[in-house]
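Take a look at the structure below.
In this document, chain identifiers A, B, C, D and E correspond to the written order of the chains, with residue numbering beginning at 1 in each.
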Amino acid sequence: MDKEILINAIESKFPGITETSSEPYGLLTLEIAVPNLKALIHWLKDDEQMNFIFLTDICGVHYPNQGNREFAVVYHLHNLEANFRLRLKTFVGRENINVPTICEIYSAANWMERETFDFYGIIFEGHPNLKRILNMDEMDYFPMRKEYPMEDATRTDKDDRFFGRDGNENVTFDNKKALAKGNNHG
Amino acid sequence: MDKSQQLVATDSMDGELATLNLGPTHPATHGIFQNVLTMDGERIQSAEQTCGYIHRAFEKIAERRPFNQITTLTDRLNYCSSPINNLGWDMTVEKLIGIEVPKRVDYMRVIIMELARISDHLVCNCVIGVDTGALTGFFYLFQERERIYDMFEEVCGARLTTNIGRIGGFERDFSPELYNKLNAFLKEFPKRLEDFENMLCRNRIFMDRTIDVGPISAERALNYGFTGPNLRAAGIDYDVRVMNPYSSYQDFEFKVPVGKSGDTFDRFNVRQEEIHQSLSIIRQALDKMPAGNYHADVPEFYLPPKQEVYRSMEALIYHFKIVMGETDIPSGEVYHAVEGGNGELGFYLISDGGRTPYRLHFRRPCFIYYQAYPEMIKGSMLSDAIVTMSSLNVIAGELDA
Amino acid sequence: MSILLIIKIVIILIIFIITLVAAMYSTYMERKVAAGIQDRIGPDRAGPWGIFQPLADGGKMFFKEDFIPGKSEKWLFILAPGLAMFTACMTGAIIPWGGTLTLFGETFNLQIANIDIGILYIMGFVSIGVYGIMIGGWASNNKYSLYGAVRASSQMISYELAMGLAILAVVMTTGSLNLGDIVEAQKGGQWNVFYQPLAFLLFIVCAFAECNRAPFDMAECESELIGGYHTEYSSMKLGFFLFAEYINMFISSAVISVLFFGGYNFPFMHDLGLSANAITFIGVAVFFAKILFFIFFFMWVRWTLPRFRYDQLMQLGWKALIPLAIINLMVTGGWLMFKDDLWAMISKMF
Amino acid sequence: MKSLSNRSIEVSNKKMTFMERIYLPAVIGGLFITLKHLFMKGATIKYPEQTRPVSDVYRGKHVLKRDEKGAERCTACGLCAVACPAEAITMTSAERKKGEEGLYREEKYATVYEINMLRCIFCGLCEEACPKEAIFLTTEIMPANFERQDFIYGKDRLVEPIDKRVDVSNRQTIEVVTQKFND
Amino acid sequence: MAEIKIADAPQGLEGEGFFATKIGDVIGLARANSVWPLPFATSCCGIEFMGTMSSNYDMARFGMERLSFSPRQADLLMVMGTISKKMGPILRQVYEQMAEPKWVIAVGACASSGGIFDSYSVLQGIDKVIPVDVYVPGCPPRPEQIIDGVMRIQDLVKEESLRRRYTQEYKTLLESYNIK
């Protein structure tokens, strides 16, 4: 299997499904619209030619300034016998943040989707048990979204004067940089 | 299984089932997983898992740390084999930047990573022994693990959370002392391992405890995203080192051990054989160790030697730029996988050219395969559940990220 | 008469104290043996070589908060460790610790009670011993404890059968249920272990199971059940349970020595030309040496073998040990029945 | 599924021979192994009476070095603080005044230099980041303590005593050491 | 944690008196040499704890080889590894279940202060939920450091008065954590 065969097969089976395709660092990446995603993955797994029997990974990415393409869900599939990896991406916006689940196709997707939900709040439609997995159930936000701070507010042993910690990370760095730059001649 | 079922009533007497809370502070769950088991006497009817008890937000922290500081985070993913994580991360960044490292660095990395793999498998197999009640093997093998620690300490100055690699190579070259220790280890360790194997492997009590305990078929294992020794125990010889060789693994001869039915006994044996294979890889790497530098020649990313920093202005500027994280990192996205102690450890890195990753996702093998646990222990006994869990080698740091 | 009474009381006290001290120092020995096997040192900071370690443990336990879980069955919870301790100590009463001693013109046995059905007495008390564990596990109102208790009771019941049958073979060869007689019958190196090796093997396996020692420590197996039946116990109640375990081990070792290794007998004991009292004292020492060896053996096995699983343990008990014990019994019976005929036949043939 | 690597070996043999079925040979074999160890020399190091040698580059407690003349090397550039993943280092700097040349080597120095040892993960990145040979980790292990605030190590505990210098040459490259020798 | 260092009760008629003090010393010594730990090992430090238990360091020398996973029987809660906010209540529950006298040792940077995990999910030091007696720095600490921490605990145990657990200071301390 190589890139051409795969793209052609997808094209002939699902015409026009691929929005963009690229190959960063040798890994074929296809962008698929949400409605087509599940059918495509299903076919990729079950078709004897495609044979992507292994789901390597699912994760979410947050791009705050992209409007209705704010959240990406990235799938890594692997055809073990041909040793061919494929990356699929799909984008959703904040309002319509639903992606179909692929739990029935790969059991492994169950927790990966729960994790993605836990971090980004992306809702996987049809997931049998979509609830938080790593964080506490009581948590009321999705921590991996870029707008939320990393730090814990309860840290007491840190002297904020030195870290410029007003919830703004950049200040910290600038402070230190200024501190450092002043002595560059050293 | 069928044999034992004759002895225990398959249907409970009055339909009353007990709920047993296994963990999070149960000795066998290492304090971090919770399994709520529905028990029919000693038999497990169903299990529900909770995890996240040591969720530390690695991925969030990684978005706020420059590339070189992330090495300290990867240390704490699978802490039984930190160097594999460290070096895997370094290779990911090198892939992103496009750094070719000298062959010598590759070989040094292979030695370190295989030592780490041995130490990881040692922990797992010792713990299988401990959970079946044979504590002594643990003490024998942990002495050998100490020697691996000593070697890590010789290279990097720490035992467990090593922070061993640098982007572009190593912090320092292997010392002669390390070679002494390594040779002594290669000579004496197999004897200790043999003691351990003789005590357990063919002992019927142990075999009865592990054979057909927590089995998983190859097909289910793949579907669940198993990788590493646990997948190989089910009979599928998927190994990242062979399939997508990194760090010159293609130069080495080694076998990929597989099991038959993916039960605890198979997992134990696969790990045991992998230790032997790792030893052979280390020997080969030592024999073929090429001459050369212990780091790539990339002044933008690898810190200049200290003697120049102390003297020359140019080196000092580079030094500052690297430490401050002001070097230019290309933007792009890269997925790099290494064969960790428990399987395919993947780093999915999206860089926007900033000093920190835009997004860094770790494919943590433990997290992915641990969800198969309820399926694996269904219908087995409490003791089996515990042995199955230890043979899966679920590392909390990796599970909860 | 009164002298006999006083001496009996003295013997009782001595044996009681010896039992306790032996149990106490068994814990120390266990730690040291484990350490030796595992290339370690073991406790060495409480006194020279750590010999005060058991005292430290005891002292600590006495002053630890005595905790009774809120939802437990309070009286049974308190009763259980006492019962375990009591039954463990009672077994020591009929062990013949030595031969006869002549003091103040009186001759008496170094045995508290020489009863004719000594073996039945042992079996009886061993069976009651499980009640402590069972009641304790049940009264704790903790599922892990309950599992431990259930495991312990079924295991005890199963292994008593094989144990009884194994002893029966010995009883048949000796022709007495009296422990004193059994020991006397083994005089001059005629140890039962040579005549009944299979019975010995079965008995020692069952003894491990009865004492809840690895590889049969189902009832507490800490990697599965945390502490098993004593999970909820703290302070000296826990101490009693642990103590009872070591006393049981001590008594089991004594019983093994009595039944199969000639008790206080030692080879050539009457050829040395020593006075009767001296022989008795040497005999006692030899007996304790034997006990010590078996205690060591108990520990040695514990730190070597993995543990059985509950159902495998049952399988071993019912499907392997009991049939073997019955076969052994039949062979022994057949041999006793026909040995004269057999001898006659053999001698006729040649 | 076909073999993926073409170099697999099957390592699981679940068939028990008769000798293995009857438990005893393996049990006795195991007993002999443990007995052998009973008579072997133990591996224990009796800490604290004995100590285990640590490697020359072990990353233990920090030290702030002085130069050959006894002046503090630290110039309060803050690189160590930037490099610290745990954000355990804090410092404030001040200009050196006239007459203090013997105390501070550079024109700026740290008036306060604190490491929160409970935060510190001993990763060694500060040592690596220091361009002034000022901060080093040593092979001395950090002691435990009772109070949280006792772990904020200020300059009083970090700067090496002038009469009890800490030798760190083992953790430096040969080039650095020879360079200094040539100075 | 300034409350930890509590002076002995005044000697005299109402105090512990001579005899009681001597008993206290002896029991303190006994306790110190028989500290049964409850390893609450969640992550990396747990592996180093295994190293401390193992032959090369042998924690058994301190009378500590009997790990009691049941909190009722433990004297020393050894918290090793990151404690997240999700884990905090469980840790506290375990502490509450332990029988007096009990001590706590926070092993490693994560347990003591959160370490590098200054993130939304990690408790910034377990002394936010339970009182801590001894802190051991390091990430993870070497076995030597863990032993060092244990010896500090032993020092504390030896000096502790038998009545400390009934003192007002102790009650105030527990109340400040809302325990009991």
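Here is the rule we go by: a contact is a pair of C-beta atoms (placed from the backbone, for glycine too) under 8 Å apart; a residue touches a chain by one contact, two chains touch by 3 or more.
Everything numeric in this text was worked out from a predicted model, so none of it was measured.
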Chains touching both chain A and chain E: B, D
Chain D and chain C - chains in contact with each: B, E
Best-connected chain pair, where connection means C-beta pairs in contact: B-D
From chain A, the most remote chain by mean C-alpha position: C
Greatest separation from chain D - chain, by CA centre: C
Intercentroid distance (Cα basis), chain D paired with chain B, Å: 23
Computed distance of Cα centres, chain E from chain C, in Å: 37
Euclidean distance of C-alpha centroids - chain B vs chain E, Å: 31
In chain C, residues with contacts to at least two other chains: 35, 37-41, 44, 222, 226, 303-305
Residue list for chain E, restricted to those that touch at least two other chains: 55-56, 58, 61, 67, 69, 86, 113-114, 116, 118-122, 125, 139, 142
Overlap residues in chain A, where contacts from two or more other chains coincide: 80, 83, 134-136, 143, 150, 157-158, 177, 180, 184, 186
Interchain contacts (touch definition) - all pairs: A-B, A-D, A-E, B-C, B-D, B-E, C-D, C-E, D-E
Of chain E, residues touching chain D in the complex: 1-2, 4-5, 55-58, 61, 105, 109, 112-116, 118, 125, 127, 132-139, 141-145, 147-149, 151-152, 156
Footprint of chain D on chain A - complex, ascending: 80-81, 83, 157-159, 162-163, 173, 176-177, 179-180, 182-184, 186
Interfacial residue positions of chain C with respect to chain B in the complex: 37-40, 143-144, 147, 214-215, 217, 221-226, 303-312, 314-315
Contacting residues of chain D [partner chain C, same complex]: 27, 30-31, 33-35, 37-38, 40-44, 46
Of chain E, residues touching chain A in the complex: 85-86, 113-114, 118-125, 128
